[in-house]
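When the chains are written out, they are named A, B, C and D in that same order, and each has its own residue count from 1.
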Amino acid sequence: MQILILLIQIAILVAVVLLHVAYATYFERKIIGHMQVRMGPMLVGWHGLLQPIADGIKSFFKEDIIPDQADKSLFLAAPIICLAAMMVSLSVLPFAKGWALADINVGLLFIFAMSSLASYGIILAGWASNSKYTLLGGIRSMAQVISYEIAIGLSLVGVMMLSGTLNLSQIVEAQGNSFFGMFIISQPVAFFVFFIAMLAETNRVPFDLPEAETELVSGYITEYSGMRYAMFFMAEYIGMFVMASIGVVCFLGGWYGPFAVPLFPPIWFILKVYFIMFLFIWIRATLPRYRYDQLMAIGWKLLIPLSLGNIFITGLAMTLAQ
Amino acid sequence: MSRKISFNCPVQAGDEDRYRIQMGPQHPATHGVLRVDLDLDGEIIRKCNPHVGYLHRGFEKLAEHRTYVQNLVLTDRLDYMAAMANNVGYCEAVEKLLAIEVPQRSRYLRTMVCEMARLASHLLWLATHALDIGAMTVFLYCFREREELLEIFAELCGSRLTNTYTRLGGVRQDVTHSIMMKLEKFVDSFPSNLEEYETLIDTNRIWLKRTIDVGTVGADEAVGLCLTGASLRGSGVDYDIRKHFPYAAYDFMDFEVPLGETGDTYARYRCRIEEMLQSNSILRQCIERMPPGPIIGDDAPDLIMPNKPGRKVEVDVPAQQSLIKLVEDRETFMEGDVYVATEVPKGELGFYFVSDGNGTPYRMHIRSPSFLHISALKTMAKGSMLADLIAIIGTLDVVLGECDR
Amino acid sequence: MKIQYKPKRDLLETIIHLEILQGLALTLKKLFSKPITREYPGEMPPVYPGFRGQHALVRDPVSGTSKCIACLRCSQACPARCIRVKYHIDESNGSRIVDNYEIEALRCVYCGYCVEVCPVNAVTMTDIFEYSSTDRQSLHFDKERLLENWDHFTKSDSYERQSYVNPLWRPRGFPKSRLTASSRESVPKNRKIEKQFTGTKLGIKKNNKEAGGYNNLYPTHGEKNAH
Amino acid sequence: MESTGIIPRLEVSYPDDVLHSYQYCGQDVVLTRKKHILDICSFIRDQCAMNHLMFLCAVDNSRRKEAIGKNEYERFEVVYQFYSMTTKHSIRIRAQVPDDDCSIESITSLWPGADCLERECFDLMGIHFSSHPDLRRILMPEDWKGHPLRKEYPLRGIGEWAGYETLKEKSLELRTFDYRSSQKGNE
């Protein structure tokens, strides 16, 4: 019985998240469109509201082209690895008090592990397509993920020190109900580092080098089409969602808000997540793209020292406070 | 991965660890059908070999078989971003060869459309350059402005891109008040719109990092590479044909030539932005000083150009019978050769004509700036990174239609 | 003139990412501005008089067929050589009778020379620009097809029946002496004619708000001589 | 562009090479032999401060009335236009290249930018530039036959490009994947 309930919960979560992905693309297109004084999708449905569904149907029925020279099994597996890893990391997110599928003690570590696993999908996609641009995109992605994984991990060490746990729900509880309890107040540098590394981790502008369409055509997804392309797309948006959720959980006080909403407790959580996702889109509409070596330089020369310094100062402050 | 893959770039001995990429001819950042063969060491370009010719339409050969007026439409298709400027360049050259007088009003009109074309072209350059570097929003903001200019073109001559506006001896249509009102509105609002783009990219740290010290050419090197236009002026060489060989009404215009210093991508970017402001002020002067008078000279040749009798003209069979009747004998053509250069948005567009007294040019050579700029790519891209190559192609502002002719 | 660089950022501005915040502010401001999109199939772009669109052969209201006299000026002036006129000579009076008039729209460069040189205003370019096709044959216009184009064009709103003047027959400001014979006469007498724009009359901001528009775009040479 | 005084200096320095000089439309033109063209160009660049190579092209004189019957004209000529950005003078050199020895020295050592211009001349007119580092076809396909800008080359070409047939075969072969033809197959 418990398993059945869990399965239903999983099904609901997956359905909701997939719907979220569909409409996240819609909102991204609309918001970027209006920021660029155009309209975005307008034709399918009222103001293009059914556009994501149309896109989904289209990519589902599109021909799945496999390049002749590609490594078939890996080529087919790569998007699935990518999507599965991202989906799994959803399970530990606490949407509200007790609203987590698996409230495990190493939640934060689990998410990092999964997001690194997702980058395997990207690397394999780049390699298995057997195309020059995809390989370059895969290599870029690998280097980027490795260097920014360190930065993102180090930036959260301060949070772990303050809350004393890796369990996501307990991190939220440690911040408490008040505005000043949020770790963004006590850890601004860590949040800054986390935010930038988050952009890089999810391959968003200005760090979208693996799929820079003007240099590498589309990077690792150049050879993909149809549903497999859509899977990468979904993985990217779920990745954005997961990263934004970690940001909310670790820095913005999770599901706590100015007042509690009785029937639907995750409302604050979702609002905060969408605020961060709006930031993602907003930044995409504004900034140019970094170069590969500059990206590396920022990761290693700026973010990692900053987060190390932040850990040091946090530790010092905690020792002094005791 | 057991199957052997054959790439059509043979690998030389000692170069086995180089990564070879054929960038283009279908690539989003090569602005058309440029192909660049790259030897990469990691992401650093060791050898860069541009290939052109995918858009070669043989204009020089075609021009030898068509009359001077008919060749005018070919120039629309050279630099299709600024067809007006090409039309003016062609007409200035032919008028010098055939000694045709141009009335003052049409000189002003030519200056006006030239500068509008410059603005349209530079806006497109800024748009694509920014898009190449990743700033997508600038792209669409620039198109907003460019659209206004193209609408004015459409109202002025009935076509947005391939204008065929000038005529030997003048221009084709006069402006109206409504066109000038639109233009004035554009001129008034343009500097503030330009500031918007600058807010987005001009001091942006990412933009600076991507452009400063990228694709640097020194002044002497740039002259040696035959760069012209803003690509040359970014290196600090004061060479603008509008000042050196004034044509149309540039004599009467009051403008300055912006010069860079460093010769990198950022300097060229700044040069073009300043040029846009100068163009804007030229447009304002044109509006204010537009003289009255006829728009086409009295000795301008007719559309059906005179051919000397007895010369066979390649026309279709039914047309041939009546040809002799329509052909008038006119002794305006002289034998000789002339080279006239004009400053189009991309650089120096020159037409070299050899005339042997016929109604058609004996030889027409088009000195297109993009062609020379692409050959400079080889030198400029060496040692930079793959992403820089995109920025360099963008900053050279090449149009393949002009390059391949 | 040396180019002007913007001043360098100081340390504080670097730390708070001032220029990036400015850019973000601009895009946020634009988020609430009115889009400039023209939703094309629903909303047509403006087509100005003199637009060089699809060709048409003018249907003569008297004879019901083309006015073409097969002088072949158009096929000579055509830079793309896409016009073919087939005709035979009527033995009785020596006049030419047009058998077929073909324009290959795929080769055409839309320069409008054929319209300009036509001495009887027989061929014209219409405002219609939506005529793409999936096969070549349907863009190879013959005489019947061109006459149909004319019928289609005259049904559209932009057409003025009284004179069917396409301004390319009579380019604005073109000297009268250089126009072909029938183009000189094709503008009706009651048409308002706009004064030539000159910069010395700097009244364009206030006085001519209502000027412009379709009716008064064609100054004639005679009008211009009044200056 | 007034007279620059360069022509007399050229005539003094290279008396054997300068054939003829004239002015047309205010532009100075010098006809030279091709033998010492590199020296002449470096003289113009270094001694006369003409640093800008405006253009370089080749002309086929075979049907030119002016050229026929005058022995100072050869079949081809390579035209150089130089300009001095400092003194604002320009000069045009027309180096005569005979039909039987269709080659001339390259000036890429003086102007690296002349590289692609010379390649273009080679491609379209068939003039061989000796000591050019990388003389290949540039605008036409590598395996193209003939030089299109020569006067005897017909406007419509002398046949299809060599790779056309294989390309056509390939496209016909790939047509089976076409949406429409697969529809037709189903009917």
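We adopt the following convention: contacts are C-beta pairs under 8 Å (C-beta built on N, C-alpha and C of every residue); 3 or more make two chains touch, one makes a residue touch a chain.
From a predicted model like this one, the values you see are computed outputs, not experimental measurements.
Undergrad: Going by CA means, which chain is nearest the middle of everything shown?
TA: Located nearest the centre of all protein C-alpha atoms is chain B.
Undergrad: Averaged over CA atoms, how far is the centre of chain A from the centre of chain C? Could you give it in whole Å?
TA: Whole-Å distance between the two chain centres: 52.
Undergrad: Taking each chain's centre as the mean position of its Cα atoms, how many Å separate chain A from chain D?
TA: 58
Undergrad: So how far apart, in whole Å, are chain B and chain D when each is placed at the average of its C-alpha atoms?
TA: The mean C-alpha positions of chain B and chain D differ by 21 Å.
Undergrad: Measuring centre to centre with CA averages, how many angstrom lie between chain C and chain D?
TA: Distance between chain centres: 39 Å.
Undergrad: Identify all positions of chain B at which a residue touches two or more other chains, and write them in rising order.
TA: 137, 144, 200-201, 204
Undergrad: Which chain D residues sit where two or more other chains touch them?
TA: Residues of chain D touching two or more partner chains: there are none.
Undergrad: Give the residues of chain C that touch two or more other chains, as numbers and ranges in rising order.
TA: Only 20, 23, 26-27, 30, 36 qualify.
Undergrad: Looking at which chains touch, is this a line, ring, star, complete or other?
TA: Graph shape, chains as nodes and touching pairs as edges: none of the named types, so other.
Undergrad: Which bits of chain C are touching chain B when the two form their complex?
TA: 1-6, 9, 14, 17, 19-20, 22-23, 26-27, 30, 36, 46-48, 50-52, 71-73, 75-81, 84-87, 109-113, 116-117, 125, 167-168, 171-175, 178, 194, 196-200, 202, 204-205, 208, 211-213, 217, 219, 221, 224, 227
Undergrad: Please name which positions on chain D make contact with chain B in the complex.
TA: Chain D residues touching chain B: 1, 24-25, 27, 29, 51-55, 57, 59-60, 63-66, 79, 81, 85, 88, 92, 110-117, 120, 124, 137-141, 148-149, 153, 155.
Undergrad: Write out the stretch or stretches of chain B touching chain D in their complex.
TA: Touching chain D: residues 52-53, 56, 58, 60-62, 64-65, 96-97, 223-227, 237-239, 244-245, 314, 335-339, 341, 348, 350, 352, 354, 356-357, 362-363, 365, 367, 371-372, 374-376, 379, 404-405 of chain B.
Undergrad: Contact residues on chain A for chain B in the complex?
TA: 32, 35-38, 69, 71, 130, 132-133, 136, 205-206, 208-209, 212-215, 217, 284-294
Undergrad: Residues of chain B touching chain C in their complex?
TA: Against chain C, the touching part of chain B is residues 66, 69-74, 76-77, 137, 144, 147, 151, 154-155, 157-159, 162, 164, 172-178, 180-181, 184, 196, 198-205, 256-261, 267, 270-271, 274, 286-296, 298, 300, 302-304, 315-316, 318-319, 322-323, 326.
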